[in-house]
Structure formats: C-alpha cells, structure tokens
Amino acid sequence: MPFITVKVLEGKTTEQKSELVRRMTQVVSESFDVEPDKVFIFFEDLAKKDYGKNGKLQSDPDA
Amino acid sequence: MPFITVKVLEGKTTEQKSELVRRMTQVVSESFDVEPDKVFIFFEDLAKKDYGKNGKLQSDPDA
Amino acid sequence: MPFITVKVLEGKTTEQKSELVRRMTQVVSESFDVEPDKVFIFFEDLAKKDYGKNGKLQSDPDA
Amino acid sequence: MPFITVKVLEGKTTEQKSELVRRMTQVVSESFDVEPDKVFIFFEDLAKKDYGKNGKLQSDPDA
Amino acid sequence: MPFITVKVLEGKTTEQKSELVRRMTQVVSESFDVEPDKVFIFFEDLAKKDYGKNGKLQSDPDA
Amino acid sequence: MPFITVKVLEGKTTEQKSELVRRMTQVVSESFDVEPDKVFIFFEDLAKKDYGKNGKLQSDPDA
C-alpha cells in the first residue's frame, strides 16, 4: 500500500518515468507516512487513437 | 468529469471508436448535464488470450 | 463485452444513471455492433474529497 | 458478475493463464456461489519498464 | 505481483471473501509460480444502483 | 492527462490527501512536462475487510 496507477499519453521516456517513480515514491511516503517499499506504481500508456475528449478521438485530424 | 473507460475485445476500427466517442460524449453530456469538453473516454483493447469467461481463456480452441 | 466504467462526481441521481445506461447501451450496441445484453456498465461515484485537480483537492475551499 | 482483473508482470504463458482461468473460475464460483459463466477474468500484462516499486522503475539496472 | 481486483455485486460476506482470498491466493501462487505474500487482492463491491446491464440499471424494478 | 488513481488503506486524513495532491501534481507536472491543470488525481479508499494479502483478508484477526 498504496497502489498508484498513472494513465498517460504514450511517448514519455523511461528516464521521465524513472524520475517520476523516484520523486512520487518520496512524496507518497512522506505525505502518507508509509515506507517507500510499500509504494507500488503502475504506468498505463494511452495511444491517441484510444483517447476521446470533447467528442473527438484524439487521433482524429480535427481533434 | 466524467471519466469513462471502455474495455472491449480487440478488433474495433478507429472509425467505430471515433463514432462511439462522438455519440457517447453527447449521451453523457445530456444525461449528466455536463459540458462535452469535460467528458473523457479511454479505450482498453482486450486480446482473446487475455480474456477468461466460463472457465476458459477465450483464445482456447474449445472456448 | 464491452465493459464500461463511468467514474463521475457523486450526486448524479438514479434517474440520470438509468437514462445513461439505456442510451449508452444503445450507442455502444450500434457503434460496436454488439448485442445490448453484452454491454456492462459500472458507475463509480467520486467524492470531492477524493478528487484532485490542478494541485487542489476539490473539497478544498479554494479549489 | 464477478469481474476479475489480474495485473501481472509480463511473461506468463498462455498455458499458465488458461490454467489460472480454469482454477480461479472454480474457486470464485464455489466461494461466491455464482455460476461459472458469470465469472469474467481480464489479464493486464505489466512490463518492468512500467512498474515502479521502492522508488525504482523495475527495468532500472539497480532495481 | 500479481495484483487482483474483484468487482462483485455487494452482499458477499466477510467469510466468503476470506475464503476466496485464501483459495485464490493458492491458485494464483501455484499457476503463476509466485510466493503467496506477493499476491494482492482488492475487492470492489458494486451496488445494483451502480450496475447497468442489457440497457437497464439493475436496481430498476423491471431489470 | 495524466490521470492518476491512488488506491490506499482507508484512514488517511483530508489534510494528508490535500498535501499529496499538491506535491504529486508538482512532481508529475515537472517530470512529465505537463501543465498542473492537466493532472487529475483520484483516491480510492480500501477497507481492510476488502484487502487480501498473503492469503488472508487484512481484517482477519490473524492477518
């Protein structure tokens, strides 16, 4: 505990994800008073062709 | 708000998803009285090899 | 299939949800060419005290 | 009902997943007193590069 | 790993859930060759008023 | 984007969640180079009676 799922548009680099895991683990550990080894983070990459906003699929040319 | 996740067997075309986003956004906007630009839709394609029903993986020959 | 999760701020009435299920099932059935009895919809109510946006918990007075 | 999502590190074989679906459906059916054809299981494979634990992305060399 | 989410109609007893955790952990441990203490199970109770199927909210009288 | 779900044992205070939203939004904004108003955070409180680990429901006396 806690278990954190990050759904984000595909394209973030492994370096960005690695930095986010490091910093997010610290923030969660301090704010929620839990040990870092109890913080689990899952990334879910989302393609534009699978993401709809304001009535348009974000891969649509006029999105 | 609201955030909608659609988990569906893989194989739906981008056209089908685009139409669903358009129509679903309108239905949600009208039924829930929210602005269309506040409606977020995420698609999650599911492979038969990752989908179990009635005790069988749906990629099993006898599923 | 498909399985649809609708995460929405708490406060929508059962009538609104009932209408959305009716209309959303039709839209999904037609757009994805699936039978209505194959469309599953789950609502997840979200309290403002559990929803953070733009750095603020939405229950914060100055959110 | 019920709907079960299994998030697991990528690499499990189709045979392992097929066995798990068979056995898990039986356990759920017996423990929850539901028919096997009402038990739905979804697998979500997780790559090490998308999995953070103890402050490190599990694809990091020193994870 | 793995992380398992069980979404089920509300009403299952703690005894039923406790039995399911015990048996499901064993099945997952054996099928996926992981230690029992690496198996995490989360229950999500679903009210009929939040569950739509076949175009109807399951709390609707004529569902 | 991104959308972040934090599943955590129930009991964290609104103050703790408010601090986590503030700090997590900053970390995500900086690591992923996105505007703070594009970062959405959802909390899901988990009761011990709905959380299984190592074969035991965490509300079990001998968990």
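So that you can tell them apart, the chains are marked A, B, C, D, E and F in the order they are listed, and the count of residues begins at 1 in each.
Everything below uses one rule, namely that a contact is a pair of C-beta atoms (placed from the backbone, for glycine too) under 8 Å apart; a residue touches a chain by one contact, two chains touch by 3 or more.
Here is each chain with its UniProt name: A, B, C, D, E, F = Tautomerase.
What you see is a predicted model, and the numbers here were worked out from it, not measured in a lab.
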item: Chain A to chain C, fewest steps along touching chains; value: 2
item: Over-half contact-pair match to B-D, picked out of the listed pairs A-B, D-E or A-F; value: A-B
item: Geometric centre distance via CA averages, chain E-chain C, whole Å; value: 20
item: Geometric centre distance via CA averages, chain C-chain B, whole Å; value: 12
item: For chain D, residues that touch 2 or more chains besides their own; value: 3, 7, 20, 24, 40, 42, 46
item: Interfacial residue positions of chain A with respect to chain B in the complex; value: 7, 46, 49-57, 59-60
item: Residues of chain B that touch chain C when the two form their complex; value: 1-9, 12, 16, 19-20, 23-24, 27-28, 30-33, 46, 51
item: Chain B residues touching chain A - in the complex, by the definition given at the top; value: 14, 17-18, 20-22, 24-26, 36-37, 39-45
